[in-house]
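Each of the next two complexes has subunit A plus one other chain: subunit B in the first, subunit C in the second.
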Partner chain A sequence: MGHAGLQLVMAMDAILKNLSARCALGELDKRRADLWFVTVDPAHVRPALAHLRDNEGFTHLVLLTAVDWMEEGRFQLTYLLHNRAAALDVGLRCFIDRETATMESIHDMWATAATYQRELKEMFGIDFPGSPGVDDEFILEGWAEIPPYRRDFDTLAYAEATYTNRPGRASEDPEEYMQRKLYPEGA
Partner chain B sequence: MFDYHPDRTQYPAKREDGSLDIDLTSGKYLKLWHGPQHPGITGNMSVELTVCGDEVVQAKTHVGYLHRGFEKLMERRSFIQVFPIVCRVCVPEPDFNEYCYAAAIEELAGLEIPEQARWIRAMVLEMGRINSYLMYMGGQAGAFGMAMPGQWTTYVRDLMLDRFEELTGARIYHMYIMPGGVRGKLPEGFEQRMEETLREIERVMKDVWEVMFCNAVFKKRTVGQAVIQPEWIEPYGVTGPNARACGRPNDVRLDQPYLVYPELELEAITGQDGDIYTRADVRRRDILQSVDLIRQILIKMPRSGPVMAKLPNVLHWKIPHGETYIRGECSRGEYGYYVVTDGSGYPRRINVRGPSYTHAVALLEMMMVNLNISDVAGLMVSLHTYPPEVER
Partner chain C sequence: MSLRDILSPLTAWKNLLREPGTIKDPLNREAADRYRGFHKNDAALCIGCGTCEAICQNAAIDMVAVDGIETVSGNSGLRPRIDYGRCCWCALCVDVCMTSSLTMSNHYTWVESDPDAYRFIPGVDKKAWDSCEKGYTRAEGHRLTPTKRAHMGEMEPEQRIGGFAEIVNGYSVEEALAEADRCVSCGLCIATCPAHMSIPRYIEAVRDGDYTRGVSLLYETNPFSQVCGRVCTHKCEDACASAHEGEAIAIRWLKRHITDNATAADFQQAAGTAAPATGKRVAIIGAGPAGLTTAFDLAKMGHAVEIFEARPHAGGMFRYGIPEYRLPYDVMDRDIQVILDMGAQLHCNTRVGESITMEQLREQFDAVALCIGLHLGRGTRIPGSEHPAVTKAVDLLRDITEGKEVVVPEKLVVIGGGNVAMDIARSMGRLQTQRYGKLDVTVTALEDRAHFLADPDEIRECGEEGIAIYDARGPREIVLDDNGGLVGLKTFKVLSIFDKDGRFAPSYDESDARIHHADMVVEAIGQMSDVSLLGEALTEALEWNRGRIKADADGCTSEPWLWAAGDCVHGPDVIHAVADGHRVAASVDAYLKGA
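And now, the complex of A and B:
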């Protein structure tokens, strides 16, 4: 690791130290010198995001998305934040129960988060009470199945059950057809 | 017809719960659907407008006319089979998807790509950027009634597609940047033909400057129109030329350099006013900068050595458990792929962070209010959004 990389790691260490003073941190994954993923408790997500945004310069919400760990019965929510000045990224992960998938909304912290949360509600069935338009249809209209990005939704079975092949047209022998057409009463 | 508020930002008034203080049944207001298939809209999406006279009082974005569940489809395919899907996420600029996905897979699998491939990748990304901007430029002129610049930019874009065809074998979906490197070296005589294309682009962009940017009507309808305020950048996640047009030098190529960008002379092109005109001008200067970057790359790139790293058997390729995020600066802003693997032969989750996602929904809905309906198309094009990135 070069000098620049070392500086990034030191900056990240200081950030995580400050963060850990405010909330308990779980598993830490140092993916790159400038990209770390850290797990926090769902109840601590909002305070952790607020701290990173207001005190550490992570003002850019890059994305908010979910990963379905169906076998473990939980969803992973990833909030990826970027610090533009220091060129650092922190991915905050939290795990929520898959059956009662509800999470606190952050639409008041980043206006654009409401769109992400609306999409997560529709595609994964994760509810964000109080988020603007979270119950409105976003991409799918009239969807009656389970949320399609959950891993137990089988796209192939759905397609086979929903979209049947168009019934084939009757094929005609040209000679017989023309005979019938020209001499309807029979030759 | 209605109480006139000189400050249009105060109209229409809002109730405490944030809803509009208007009576839709009063007959003063009209619901108007703009799209989903309309030449003034950037692809197949739709905007539901509430208008009073010729002023928009509310806008609601409706996406989903294109949705094919790309991210779900990717989860059902092996790592190499994902490739024909990633390039289809953005039609005018597929190479960014290929790069971000390939780089994410390389990082998770611990692959190093050869030196020559890094240079060729950067060149292909700049070629894609020019393609995307040229398509935008015609649309931006067309949204204000000028058909001629669109025909010129389509002509030079076609020349660039010829270069893509000889390099990759395909004009639109290239599938050239693969995990491990690129599919092939530059063909014989490519540099010379590329130089001719670049010169033609520069010539046409001079004409576009005179006909489009010096045009009194274009200026009158774009200067001071639909301004992005610098304080919206963080809450609305504005990136790329839309952010750079209001003075923020945010460019991933400089902020978090990737590929060979640290070895090239490059500066963030910015504007000050944040209006439609400035956004168009930033993109025009970006085209000229990309032309310059391709020239620099062709001079500096090594010509020997492999262009593809040794890969495992891709049909049975298992990638260790992990997650990563790879970003790049595409023509519309920050593009990124968030990839999660679980140790199996299939990706656990792939999330595409397209810049259009943040620009085309919350930001667009806010910016349309108080706009004249004749400028709605111009505003939409000026944000340079592509629907497939919203509804992957």
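And now, the complex of A and C:
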């Protein structure tokens, strides 16, 4: 590792140490020297974000996104922050219950968060009470199904029920077609 | 109003002479290198598995027949047709494609007045972007389905060579789930399986952990699923779509996993119950896979079935021809018991032609099925091969199964490159190890390594157990000493096996001769049926096909009361024998209903 790499690692380690002094940290995933993800409890997300923004120079909220871990009955939220001056990225992860699916809003910390939270409400059904326009339609006008990014939403069934085929479409099942062609007498 | 608001319109003049930033011709603007544009398909590489259609979340893909593309084993002959009225360019079809034949060009503009033009078969309906090199392909190393098989535990070579215990452990639930998850359920395997087992559906049962459903699906087409879960020739795996860019799904081991985890009640339920008695009687000669499958089906149909077996136990070639380390006796006995529980009556130690004649069977029964296997070994007929220390593999394997005291030489040479050669080499190697504490077995095969007839697993395991394999060696003479004692086998290097017309006519390099020293030589170069039970009159009356009894697709011989099935008709293959049994049973049933 070169000098620059070593500096990065030292900088990240210091950030991690400072953060761990303020809240309990869960699983740590160091993807690169300048990019790592750490899991925190949902209740510690706001204080951790505030610390990173105000004390560590992570002033830019790159994105807020979700993953549906359906089998585990929970959603993962990832808050990705960027430190422009030091060219470092930190992702804060937290897990929330899939049934209740509610998380504290951070629109007051970054105005752009309101847009991400509005999207997550519409696509995953994750609520952020108090976030501006969070209940307004975003892109799914008149949507009556379960949120489409939830993994139990059946995209194919929806597409087949909603859209008609052009006349003349027909398909063969490879399994049946092969048996018919190779064994015409049904043997 | 600020000064800036007053001055800013004037600052626009500074751009007057600059090159405009607008695009002159947006229709001809090239997209990024990996842009997801219109599809391409290498129709020669595509196998028509339909996985692209199955994954499409917009139902934009149809699988359609294409003129000039034949349906063959492992290739349905169908090709994907895409409706761009529905495609959302998500590229899942490209990511899942089992052969990487389906890709996307970075061509994204296309103007037509006919909306039907936007539905076409990539790679077949020629398009301007077919030769476009840029576009989206699946990134190297990224696959939606793993290419490696789940791990299968097996006994270490030094441990297994000391006895006949089963080598392969079978999958744990976790391993089976991982392996079942690799299957894309395309179904290309089904047509290739002689019994047309519903492979994707029983693999789905493994995924669901529903072994009751799994064993039910197995019994729909195969009452020998425990046996076939271990020793099937698994041609299905050759046709597997996963084999194109990785390892084929371990279909055989997944079948075994179902039978290992199903309960006795599951088997009983899957086998079903017999229909009311029809009053018709059927005799079956031979209690191997073909005979027992025929018996199972006919007994289920309500016919009274009696099986005549010359040996002390049922099982035929898979009991007397396959070593116990590959197929344990208790496993095959469980399969056989389910079949016999359907009501067929088994007469062991009853050799037709001695205990009872074919003529008597014909008189006493409404139909007779001949399922006699291939119990006689073929000989090389090379000089010296009549020596008492030269023997046939099938005879020796049968003696081992029956627990007879067999001569165990300190040095053994086997002639043959098929599974039977490997079976006898490994069986005798075990007996040598037990008796002498060491093994000295040599296999000489006519074929070179690239064309071996034996399964790759068998060859690998032979090597692990310390058996020497000499490929491309043609047997020329059994070498004897002055006292008539066996010295060994003389072989020449094989230059070619077939002549220019494809006929068996090996040619040798006689300058490359080798003596393989041995106390015993075993011939494992093929088997044939013992048809002496037929008697002279029936042998004369029957039509023959190059030494085998002639039978049509339903197993009917030229005698209207006699059917033939299994190895004696189609050659050695358990699953083929099962498929034959089903066909013969259906044909006999139709005959009895019409009689």
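In this section, the second predicted complex is superposed on the first by the 165 of 187 C-alpha atoms of A that agree within 3 Å, B and C clash if a C-alpha of one lies under 4 Å from a C-alpha of the other, contacts with A are read in each partner's own complex, and residues count from 1 in each chain.
The rule is simple: a residue touches a chain if its C-beta (ideal position, glycine included) is under 8 Å from a C-beta of that chain, and two chains touch if they have at least 3 such contacts.
This one's a predicted model, so the numbers in the text were calculated from it and none came from an experiment.
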Exercise for the section: For A:V67, select first, second, both or neither according to whether it touches subunit B, subunit C, the two together, or no partner. Expected result: first
Handout entry: First (subunit B), second (subunit C), both or neither touched by A:E141
Key = first
Exercise for the section: Please indicate which partner A:Q179 is in contact with in the superposed arrangement: first for subunit B, second for subunit C, both, or neither. Expected result: second
Problem - Contacts of A:K30 with subunit B and subunit C, given as first, second, both or neither - result: neither
Exercise for the section: Look at A:T155 in the shared chain and tell me whether it touches subunit B only, subunit C only, both, or neither; answer first, second, both or neither. Expected result: both
Practice task
Check the residue A:Y163 against both partner chains and state whether it touches subunit B (first), subunit C (second), both, or neither.
Solution key: second
Practice task
Could you figure out whether subunit B or subunit C reaches more residues of subunit A?
Solution key: B
Practice task
Could you look at A:S171 and tell me whether it touches subunit B, subunit C, both or neither (first, second, both, neither)?
Solution key: second
Completion exercise
Dual-contact residues of subunit A, meaning touching subunit B and subunit C, are 155-156
Practice task
Going by the contact rule at the top, pick out the subunit B residues touching subunit A in the complex.
Solution key: 18, 63-64, 67, 69, 71-73, 75-76, 107, 234-237, 250, 255-256, 322-325, 327, 334, 336, 338, 340, 348-349, 351, 353, 357-358, 361-363, 391
Practice task
Could you please specify the touching residues of subunit A with respect to subunit C in the complex?
Solution key: 155-156, 159-160, 163, 165-166, 168-175, 177-179, 181-183, 185, 187
Practice task
State the interface residues of subunit A toward subunit B in the complex, per the touch definition above.
Solution key: 29, 31-32, 34-35, 37, 59-63, 65, 67-68, 78, 80, 84, 87, 89, 91, 110-112, 114-115, 132, 137-141, 148-149, 151, 153, 155-156
Fill in the blank from the handout: The answer for subunit C against subunit A in the complex is residues 48-50, 53, 56-59, 61-65, 71, 73, 76-78, 83, 85-86, 115-116, 119, 186-188, 190-191, 196, 200, 553, 583
